[in-house]
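Let me begin by handing over the structure; questions about it come next.
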Amino acid sequence: VFDIDGVLTDSTIIVDSINEYGRIMNVKDGYALQLAVKKNYNIIIISGAKNTFAAERLKKLGIKHIYTAVHNKKDLLLELSNTLSINLNDSLYMGDDMPDIEVMQLVTLPCCPLDACVDVIKIAKYVSPINGGKGCVRDVIEKVLKLNHHWE
Amino acid sequence: VFDIDGVLTDSTIIVDSINEYGRIMNVKDGYALQLAVKKNYNIIIISGAKNTFAAERLKKLGIKHIYTAVHNKKDLLLELSNTLSINLNDSLYMGDDMPDIEVMQLVTLPCCPLDACVDVIKIAKYVSPINGGKGCVRDVIEKVLKLNHHWE
Amino acid sequence: VFDIDGVLTDSTIIVDSINEYGRIMNVKDGYALQLAVKKNYNIIIISGAKNTFAAERLKKLGIKHIYTAVHNKKDLLLELSNTLSINLNDSLYMGDDMPDIEVMQLVTLPCCPLDACVDVIKIAKYVSPINGGKGCVRDVIEKVLKLNHHWE
Amino acid sequence: VFDIDGVLTDSTIIVDSINEYGRIMNVKDGYALQLAVKKNYNIIIISGAKNTFAAERLKKLGIKHIYTAVHNKKDLLLELSNTLSINLNDSLYMGDDMPDIEVMQLVTLPCCPLDACVDVIKIAKYVSPINGGKGCVRDVIEKVLKLNHHWE
């Protein structure tokens, strides 16, 4: 389970149109995500922001469960764990800011990028050596897939 | 009170349309700003540049006092302190460049990002360890709100 | 032979339009590429992604062999080595991620940027001290042209 | 006299439209340039690339002598030194790449950003501690204006 802003992006918002803002994402994260989908991992994206463009790109990578403009991430994940039969004791969540804290506490492996906020770093069980948007998602997916001999 | 360019942005101007230029802002700053507004802090934005797009985004975060294309920041802040009954002895201003210096001298806590210009760093009472646009605004707001037990 | 994403770009994808995504390229790489073309080096670009905009720019630099949306980079390079009479024992390939590995093993001088993925770094014979999109292509072209007294 | 790409920008080209490419410029450079114009310094911009958008922004800062798509920078500067009665023995040129070298040799104070190419660094008399697009132009202008008591 991944947050978008600050995890799949470098926290940047490109402010150049009044309607909706651009984001900066990473090709190496994208490679890992599409491979994980191919190997049948459940990938879930939960973002508090609208993030239409990022969601559109993540969809192209083959990800089916993308939720944006989510007000309560915890409630959504609890609901998804039921409907999708996901075992949270076998799940990883990577977030970077305050609204991620209570969701991170639901899963066995709460992770965060190196530049997450202080309170998130405190409760993470794995802090990636890589910043948000620079490959931190790639880092955790590559590690998990290699452990399971799924990294081709 | 916050400046935009170099404080809420990384001093970057995206030059790709003749009419008006894009800026790069930060999601973590945004989280802190909307929380401060919710906790009833007076947040004021004063920018010397036009900055239509940045202003639009800051408005969406709930900030009501956004002033762009300001020629004399000092006069404006003095005026606002009257009309909004703001006590400058209880105020923080974060700026990064020469036009901010005389406004910074009006408030009790003049702050700046790590990459402010030399003359601003000299007169700041707090230099954030974080660069402009990379979370320096988040840094000072998080510190103030935590001191006041307003950081959720 | 150069990959685009992560080599001629900094792995960044600018996600701000639903149709196709922007990339960030480097002027110093561009200078070296156009000079190499002028000196009659065979420059080949092979990208797994669609990369219409990057391809368009590379074309303006004078590069004739640009292949995007390539599914099997190895097959394409073997085919090109025949049709263009390129000696792979006298060739350099710079890539940064998993799909580049089997192509890199075809050439005498497999190279990569400093921020290539771990498995690519392992098999590279030259790891540039420069990251993707920050001048790593310039670095290898400048080195080769200087050795051959072609760097004006 | 300043080059654009790699000096007034961070060498970045934003490749997201087929027609012409965006650049990333710096607000602190802009502040210094408009101040130098106000204090009656001759500011000249010479770029080998088309750079329509950057030129447009520099014009808004009050700069009158902006030359883009220049094939021979040396010939142009020699011509300008006549028509504008500029003394090259009293001039500064900041460039970052090979086409700047022969122009740099015309002036008394050839400068470059920290991340200029090796051959430019070799012939520069002042290497700014700051990279292109990150305030290197600000650095040299601030130094010159402070020496002349023109930095307000």
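Letters are used for the chains, namely A, B, C and D, taken in the order the chains are written, and counting of residues starts over at 1 for each.
Heads up, the rule we're going with is that a contact is a pair of C-beta atoms (placed from the backbone, for glycine too) under 8 Å apart; a residue touches a chain by one contact, two chains touch by 3 or more.
Note that the coordinates shown come from a computational prediction; the quantities given were computed from them, not determined experimentally.
Number of steps on the shortest path from subunit A to subunit D, with steps defined by chain touch: 2.
Seen from the C-alpha centroid of subunit D, the farthest chain centroid is that of A. Superposing the C-alpha atoms of subunit A onto subunit C requires a rotation of 90 degrees, rounded to the nearest 5.
Between subunit A and subunit B, two chains of identical sequence, the interface residue sets overlap only in part, with shared numbers making up under half of the total.
Subunit C and subunit D, compared by their mean Cα positions, are separated by 30 Å. The distance from the centre of subunit B to the centre of subunit C, with each centre set as the mean of the Cα atoms, comes to 42 Å.
Annotation for subunit A: residues 14, 16-17, 21 touch two or more other chains. Chain-to-chain contact here is organised cyclically: the chains close a single ring, every chain touching exactly two others.
Pairs of chains in mutual contact: A-B, A-C, B-D, C-D. Residues 5-6, 9, 11-18, 21, 49, 96-99, 115, 117-118 of subunit D are the ones that touch subunit C when the two sit in their complex. Residues of subunit C that touch subunit D in their complex: 14, 16-17, 21-28, 30-31, 52-54, 56-57, 134-135, 138, 142, 152.
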